[in-house]
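Below are two complexes that have chain A in common, paired first with chain B and then with chain C.
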Partner chain A sequence: MTGILELFDATLALTLVGIAVGVLFARDLFQSIVLFIAFGLLLAIAWCRLQAVDLALAEAAIGAGLTGALFLNALASTKQNSDDRDTLNQQTGHRPSKPALERLPARGIPRWAAPLTFLLAVGLVAAWLISIVAPLANPSVAPQIAEDKGIIQGGVTNPVTAVLLNFRAHDTLLEVVVLLVAVLATLAFAVSTERERSASPASPVLASFVALIVPLMVLVAAYVLWIGTKAPGGAFQAAALLAATGVLIMVAGGRPPSCALLRWRIVLVVGLATFLAVALGGMLGGRFLEYPPSWAGGLILLIEATLTVSIAGILITLFGATWSAGDPGAASHAGDTLATPTTDPSGNTP
Partner chain B sequence: MTSILIYSIAGALLFSVGMGGMFVCTHPFRKILAMNLAGSGVFLVFLAMAQRHPDTPPDPVPQALVLTGIVVAVSATAVALALSGRVIALANDHQPPERSHGAQECETE
Partner chain C sequence: MTIVDWFSCGSLLFGAFFFLAGTVGMLRFPDVFTRLHALTKADNLGLGLVVFGLALQADTWVVVARLFLVWGLIMLASTTCCHLVAQAALRAGISPWRSPK
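== the complex of A and B ==
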């Protein structure tokens, strides 16, 4: 039996590496992105094999699903830009010149990069082999957490949730800050926020499918959040599900939420605010981020619930910032803004 | 122990493939894909390390770190995509008619 499982592991590992190479060298960028989504799903299987079901859930939803959606969205808006450019060139009589990306500086890639990478690979494999073969000095903390009554003080019985929100809560607290910074940066850079959006009519099949699936997804997200205290699941997985719901609604013609609205800003920060409030409240009886043992379970669930809302809002904002596909109003408007640089290429730096 | 070994090696290879891709690929989207592949390699090694013995449950600390890593990776990807989308849009805007070929070199630097 173990032989078959190891064969499965080896096949999966080989497939992962093969798909990774395929992602890099596929002829078409669209093909690369689809391969990357497949890679994420296979990686989720690998993580089930490594007994990390929490992570398999997160990887399938965030690593494969949302990242793939972000890439496809970015590719679509790039294509849309260059399509505008082509029609514009035809209208104004310019010959379509090389795609802009081919004119980006390709130098700066030294010739020794490939051998260096190969050496790096060999070195890494060697180092990891040594570190695995060498006897492991520190035993795993998992048996202690599982058998010890420490987990009761942790407030939850899912060890990953306990680590995330109690034993190493600093990480999670600062992670939410990182997410908020990412939202600010994306909003500052995103191209399509300058365009005016008009909701385009989606296909009726998609619209009624979304109407059916959205309540179900919200229900599943709530379940995943609640079960996260004692089994695989938790705030991040639930947030990923909610964010996927938001993405679906946008694809079906919904408008992305505007960060100018105060209530959307409250959605974005409510998780961090609650987390900070609980962390500071812990200082009354103990230290920063220390929960009173009898309240720990309830407090963790409260933090997780608000974190779910905030992280879902953040992920939706990250996607919505560049969302522009299927938007005829944006295309014509982009054509207008692109017209100026073509006639006057010297003084157009924004 | 053997499956830990298999996934560790796969993680190391994935990291190198991703790292090489960041050097070799020219399109920014492909570079970002390569960055994600390299990150997945690191996660794979972390998770293989989390399972120190096949019989005991895996160590939750690396798992929690990787969960944090996945979420940070997606936000970093979103920022990188927005940035490169802006770069592409600017390169499109600066696409000059054939006459000013010299000026284009300076702009794309």
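== the complex of A and C ==
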């Protein structure tokens, strides 16, 4: 039996390298992106084979799913922008109205803004993924975990969560800061890209699928967050699920949330704020980021819950920054419409 | 091997055959619509048989329920994706393939 498993592993590894080469040398960008998503899914299987289920979950949800969606989105919006510019050069009329967030002078948007937005978003998400891996590879925490035998001191029994939120909480804290900076930078460069509404009216099949799947995804996200204290799962995986839910809603016709809304801004920062508050609170009795051992479990769950909300919000904002399928005029005060996908009964039957 | 193991094995192999057929179909069929047909067959029946084979080996009913839940969700997702791809193809002006004869 081991022979068969080794054959499987070898095939998996070779396929991964093959697809990676395919991503680099594909004929067009769209093909590259599709191959990249396939690469991420196979990589998740590879992580499973290496017994790193936490990473497999993160890779499948963020590496393949959300990053793939960001790539496709960026590709579409760069195309759209160059098309817009072509028509704009011919007629000297003004650009269509923009959401309040992006009230930049139209002529002030340089040509490289959209590709740069795309690079920033993708690069920072990638950096974030790498920094999840980095603390796991650091051998210095391993003896500490081994000594504790079940991470009682760490407050949780899933060693990965204990490392991420207790022993190496510095890394996680800074990752969240990086994500927040990524959103700010993306929003600063975000170019409003109203697409032709007629080009992609929401499908009734998609709308009913989303209506069915969204409550389930939220439930699973909550489960993944809760189970993260004792089994593979946790804030990042749960946040990725929530963000995927948000992306689905936007694809089905829901409008992206507007950062002009105070409550959406609170969503974005609540995780970091809670994390910082707990970290500073630890200074009362000990050092920065040191939890009282008896409270560690509860505090970690609190931090993880708020981090889930914030990271999901951040990922949704990254996706929404270049995605606006909704009515352009109403986009400026549409933060709460994310919860209700607009199904357009007219003009959606083929 | 017990009789359950034989059933399980047969179901898994039959499921694998559907995946193989789906893959061959995707590579050999003439247009996007027929390829979608081949792919969704693999998702629905192939995965269903694999899930059935695995469910026979499960220790608890919770695992069985989860396996079938996964199957149901993937059928929902693959049906929706199939519809969306086909709709996009139609909108892009691709007309369904017809036999040349």
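The rule we apply is simple: the second predicted complex is superposed on the first by the 247 of 350 C-alpha atoms of A that agree within 3 Å, B and C clash if a C-alpha of one lies under 4 Å from a C-alpha of the other, contacts with A are read in each partner's own complex, and residues count from 1 in each chain.
As a working rule, contacts are C-beta pairs under 8 Å (C-beta built on N, C-alpha and C of every residue); 3 or more make two chains touch, one makes a residue touch a chain.
Not measured: the values here are computed from a predicted model.
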item: Which of chain B and chain C A:Leu219 touches, first, second, both or neither; value: neither
item: Touched partner set for A:Ile266, first chain B, second chain C, both or neither; value: neither
item: Partner chain(s) touched by A:Val177 [first = chain B, second = chain C, both, neither]; value: neither
item: Which superposed partner A:Val163 touches (first chain B, second chain C, both, neither); value: first
item: Touched partner set for A:Leu280, first chain B, second chain C, both or neither; value: neither
item: Touched partner set for A:Phe209, first chain B, second chain C, both or neither; value: second
item: Contact breadth on chain A, by residue count: chain C or chain B; value: B
item: Footprint overlap on chain A, where chain B in one structure and chain C in the other make contact; value: 350
item: Contact footprint of chain B on chain A as seen in their complex; value: 5-6, 9-10, 13-14, 16-17, 20-21, 23-24, 29, 32-33, 36, 39-40, 43, 46-47, 49-52, 54-55, 58-59, 62-63, 66-67, 70-71, 74-75, 77-78, 81-82, 85, 94-95, 97, 100-101, 103-106, 109, 113-114, 116-118, 120-121, 124-125, 128-129, 132, 136, 139-143, 145-146, 159-160, 162-164, 167-168, 171-172, 175, 178-179, 182-183, 185-186, 189-191, 236, 311, 314-315, 318-319, 321-322, 338, 341-342, 345-346, 348, 350
item: Chain A-facing residues of chain B, complex; value: 2-21, 23-30, 32-34, 36-37, 40, 43-45, 47-48, 50-53, 56-61, 63-68, 70-79, 81-98, 100, 103-104, 108-109
item: Chain C - residues contacting chain A, complex; value: 73, 76-77, 79-80, 83-84, 87, 90-91
item: Footprint of chain C on chain A - complex, ascending; value: 203, 205-206, 209, 212-213, 216, 350
